[in-house]
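In the two assemblies presented below, subunit A is common to both, partnered first by subunit B and then by subunit C.
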Partner chain A sequence: MKKIINDPNIVVQDMLKGMVAANPATIKQLPDTTVIVRSDAPTINKVGLVSGGGSGHEPAHAGYVGKGMLDAAVAGEVFTSPTPDQVLEAIKAVDGGSGVFLVIKNYTGDVLNFEMAAELAEAEGIKVEHVIVNDDVAVEDSSFTTGRRGIAGTIFVHKIAGAKAEQGATLDEVKSVAEKVVANVRSMGMALTPCTVPAAGKPSFNLKENEMEIGIGIHGESGIERKEISTADEIASELVTKILDDGVHVRGDDVAIMINGLGATPEMELNIVNSKVNEILNEKGIHVYKTFIGEYMTALEMAGCSVTLLKLDDELKTLLNLSSEAPAFRV
Partner chain B sequence: MKKIINDPNIVVQDMLKGMVAANPATIKQLPDTTVIVRSDAPTINKVGLVSGGGSGHEPAHAGYVGKGMLDAAVAGEVFTSPTPDQVLEAIKAVDGGSGVFLVIKNYTGDVLNFEMAAELAEAEGIKVEHVIVNDDVAVEDSSFTTGRRGIAGTIFVHKIAGAKAEQGATLDEVKSVAEKVVANVRSMGMALTPCTVPAAGKPSFNLKENEMEIGIGIHGESGIERKEISTADEIASELVTKILDDGVHVRGDDVAIMINGLGATPEMELNIVNSKVNEILNEKGIHVYKTFIGEYMTALEMAGCSVTLLKLDDELKTLLNLSSEAPAFRV
Partner chain C sequence: MEFRVEDAIHWFTVVNDKIQENKENLTTLDQVIGDSDHGINMARGFQEVVNKLSTQEYEEVADVLNHVAMTLISKVGGASGPLFGTAFLKFSQAVKGINPVDYDSFTKGLEEALQGVKQRGKAKLGEKTMIDVWSPVVDVFQSEKGFEDNLFIEVAREAMENTKHIMATKGRAAYFKEKSIGHIDPGSASTYMIFEALAEVIKGRK
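Entry: the complex of A and B
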């Protein structure tokens, strides 16, 4: 295992220390937790936004904590859901009297633990609502999920629900726009190489030297097919076709695209994928309104990428363009 | 070779197409060149800023083209200097009557080709000045360089000289502030794994399973030492100590830090490195004014990182904080 770490058992704490050291004016770590919150939390009369999940997907989710996006991110151990008590700490820290909204990726552990935290918070008198993001069209049900998985499309939920909350929307209004994003966002990924969880010390699966996996999850969960590596154009086409087959994005639509690197993919390759994705959407009469290329939702040092399409109406465009001060998503 | 590409011989053109497709309102590719310029180039009465170099270091340099940073970036083949005629095209495209300033990383090929382009442009009546960035303290002279190499510190030159030019400064004033950055910026890197140039098809060097290289260059040029992988804290300490030994950054100084991933390093690990870098600087009485963590100057899919320190005075702080619309460096 080749990693720049101190001890596999403390990577999350070491990482959180480094994140706070990099942004001391804007974020802080709640003492004795793995929760990162905005320094000015709670914002009075603003809905508090909380997300989180297993670590190893950086910059998700602590990189999205900042004015205009999340109020708090809860980090679990690598590829492991955070516990309900940690999520509860985040909820309590960001409740400014207008309630708290949870953005949950659809993994069984995350859903259970975030929902349990919501119940505990409600018992303490805090209004809590949530949305479950399930943008990955690759497979129905998988190793850790019932239904579709939540992957890079989650970042669009953070951005848009965050902007809505920043405008002073009510908890119901934030929930409503988050649900609109979830209804209109679809993603699919692929990988060339596996990744290694530090505490495990070896890759969680293997791919042959000439092999890739289409539809793989961000923890290495099985996808649709293992096959010989094809060209970037063929890969882009396969991912986009499967997304479009879901029927959400059609001729005449405006969309935002995210070409997301899983950790070890050179940005050169992400741009090459984008070139073909753009060409295909042009041919289909789908208008690309905005494109995001980079590492937004990673899987440690997995090589591979995902493509996300979000169908936009005027409200979503406006919210997507509003200011964000989160370190990993500056607008 | 596991890469998401179409053909090793056209990766640069494919990539540039994808970059422009992602940012059609703000950048364009000059026809029949590998030059990316701001859509509104040339800006009249503003010094034009041009950088570039071999490809494979994305987002350097085209990701830094935008209002407040570069006016143009010239892409060579992977790890290969762009030719003088390409650089000349960039200079001509961004000259708005106030002259053009070139930011050159210190590699023999880049220096020769950019300087030759400058002479050709001057013969056509365009005023051209340049700075050579040589921030890498690892080695004096190396495979492709006389003197120190230019690496991630170059991004601070783009940002600060770009902000100065945007303010309407003269060519001499832009040159002067760029030279101030070069005098005050130092970097050093290390790698855990090599990378593969697409057209070569195999790694340019090898490192054993338990081995790392300290002081390695962004094309895999030899560093100071190959040795057994140590902890993140030891690596951070070794890089920072070597930078501080150069004597530029001392107790009482304000500095900007860049913790730069070389391509395949999880952001988790960059944050862990930052935690220790921050601790060391605190102990030394050096004040961290601002921190940048991410992939700014990569080496394809090399795993590793570099640390950069820039000593700041009031002018540099102001320029560092001014707005930038470059996709890879939004302020």
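Entry: the complex of A and C
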């Protein structure tokens, strides 16, 4: 393992310190926690937005804390959900009297820990609602299993629900717009190389020199297929086709797209993928309203990318365009 | 015999020894069908449990179990923290005020723990989760008459081994679908260690 770290056991604390040092006007760390909150938290009479999850997905989630987006982000250990006590601290810190909204990605650990925290907060008299993001079409959507994972589409939930809350919407209104985003967002990813959790010291899986995995999760979870690497056009086409097959995005729709790097993919390659994604959407009569290219939801140093499509109506367009001061998503 | 405060503390000390010893093994199991953090998280959590238990005085078994639960909930993370935490929290509530804990109350505690895990994880028997070990162990406790029989350990071992043949439908291993077959469920492996430790503590008392 070759990494720029001091000690594998304190990477999360070390990272959070650096993030706060870089953005002292926007964010602060709650003492003795792994919670990052807006420096002016809580905002009185505004619904507080809390997200979080395992670390290793930077800039998610702390990078999305700022006016117009999240009020708090809870960082777990690398690829490990944060614990209920930490989530509870975040909820308490951002409750401005109008309730707190949790954005949870659909992983067993995240759901369990955030649900426990919500129960604890409600016992203390704070109103809590949540949405579960499950945008990864690589996983079969079934009520008999854990269901689809939450990946890069989560960023759109942060942005749009954050903008809605900033407008003074009620907890129910924030929940309803967040659910609208979840219903209209789909993603899929692929990887060329694995990644190494610092405390584990070795890669979590192996890919041969000429191999790629289509449909992989942001922790290296199994995807749809392992096969010989193909061209960027073929990869883009495979990801977009699978997303469109889900039937949410059709001719005549306006969409926002996100071409997300998983940690070790040059922007050059992301742009090459984007070029083909645009071509396919043009052919299908789907109009690209806005494009985001870069690293938004990573998997440590994994090489690969994900493609996300979000279908937009007028409300979602307006909210997407409203200002955000979050360090990793300035609008 | 009856289960006393010192037995409970001894139990979790042995659990911690086993988890620390098998940290890498658990992580390796989790690398195959999960996200490679199970051993790391359990080792961190149970080390904290032992640290906490060594600094306190306890009146009754329920208090020990409560501290174990709260420590696991706040220190383990992932799905294991809330699941094992809920198990020992329910166990603690079931034996509250009973000290030392007689066999029937202990059995009741294990039953409540199992129900708690099922509810929290929205899972049932046969989904390649820790329930596949908890459940048959509870069955053995219910059919035996006292701690002295101590037959549950063989059942637990077999149940853990059997998770190999199950296709996961809950937890992160579910993403691997049929590829999850042939591998032991990491949560079942650590649950087995918890019962292996319990059997050793009971045996030591005889």
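In this text, the second predicted complex is superposed on the first by the 326 of 331 C-alpha atoms of A that agree within 3 Å, B and C clash if a C-alpha of one lies under 4 Å from a C-alpha of the other, contacts with A are read in each partner's own complex, and residues count from 1 in each chain.
By definition in this document, a residue touches a chain if its C-beta (ideal position, glycine included) is under 8 Å from a C-beta of that chain, and two chains touch if they have at least 3 such contacts.
Please read these numbers as outputs of a predicted model, since none were measured by experiment.
A:Asn113 contacts which: subunit B (first), subunit C (second), both, neither?
second
Identify the partner contact of A:Val250: answer first if only subunit B is touched, second if only subunit C is, both if each is, neither if none is.
Once the two structures are laid over each other on A, A:Val250 reaches no partner at all.
Considering only the touch criterion stated at the top, classify A:Ala183 as touching first (subunit B), second (subunit C), both, or neither.
So A:Ala183 meets neither subunit B nor subunit C here.
Looking at the overlay, what does A:Ser275 touch: subunit B (first), subunit C (second), both, or neither?
The first partner, subunit B, only.
What is the contact status of A:Met19 with respect to subunit B (first) and subunit C (second): first, second, both, or neither?
A:Met19 sits against subunit B, while subunit C stays out of touch.
Does subunit A have more residues touched by subunit B or by subunit C?
Partner with more touched residues of subunit A: B.
Does subunit B (first) or subunit C (second) touch A:Ile293, or do both, or does neither?
A:Ile293 contacts subunit B only, not subunit C.
For A:Leu192, using the defined touch cut-off, is the partner it touches subunit B, subunit C, both, or neither? Pick first, second, both or neither.
It touches subunit B, and subunit C stays clear.
Any idea which subunit A residues touch subunit C in the complex?
Per the stated touch rule, the residues are 54, 76-86, 107-109, 112-113, 116, 139, 144-146, 149, 197, 199-200, 204-205, 217, 219-222.
Using the touch rule from the top, collect the residues of subunit B that touch subunit A in their complex.
Answer in residue numbers: 2-7, 11, 14-19, 21-23, 55-56, 58-59, 63, 192-193, 209, 212, 229, 231-233, 235, 259, 263-275, 278-279, 288, 291-293, 295, 298, 300-301, 303-305, 327, 330-331.
In their complex, what parts of subunit C are in touch with subunit A?
Residues 27, 31, 35-37, 40-41, 73-83, 120-121, 169-172, 174-177, 179 of subunit C touch subunit A in their complex.
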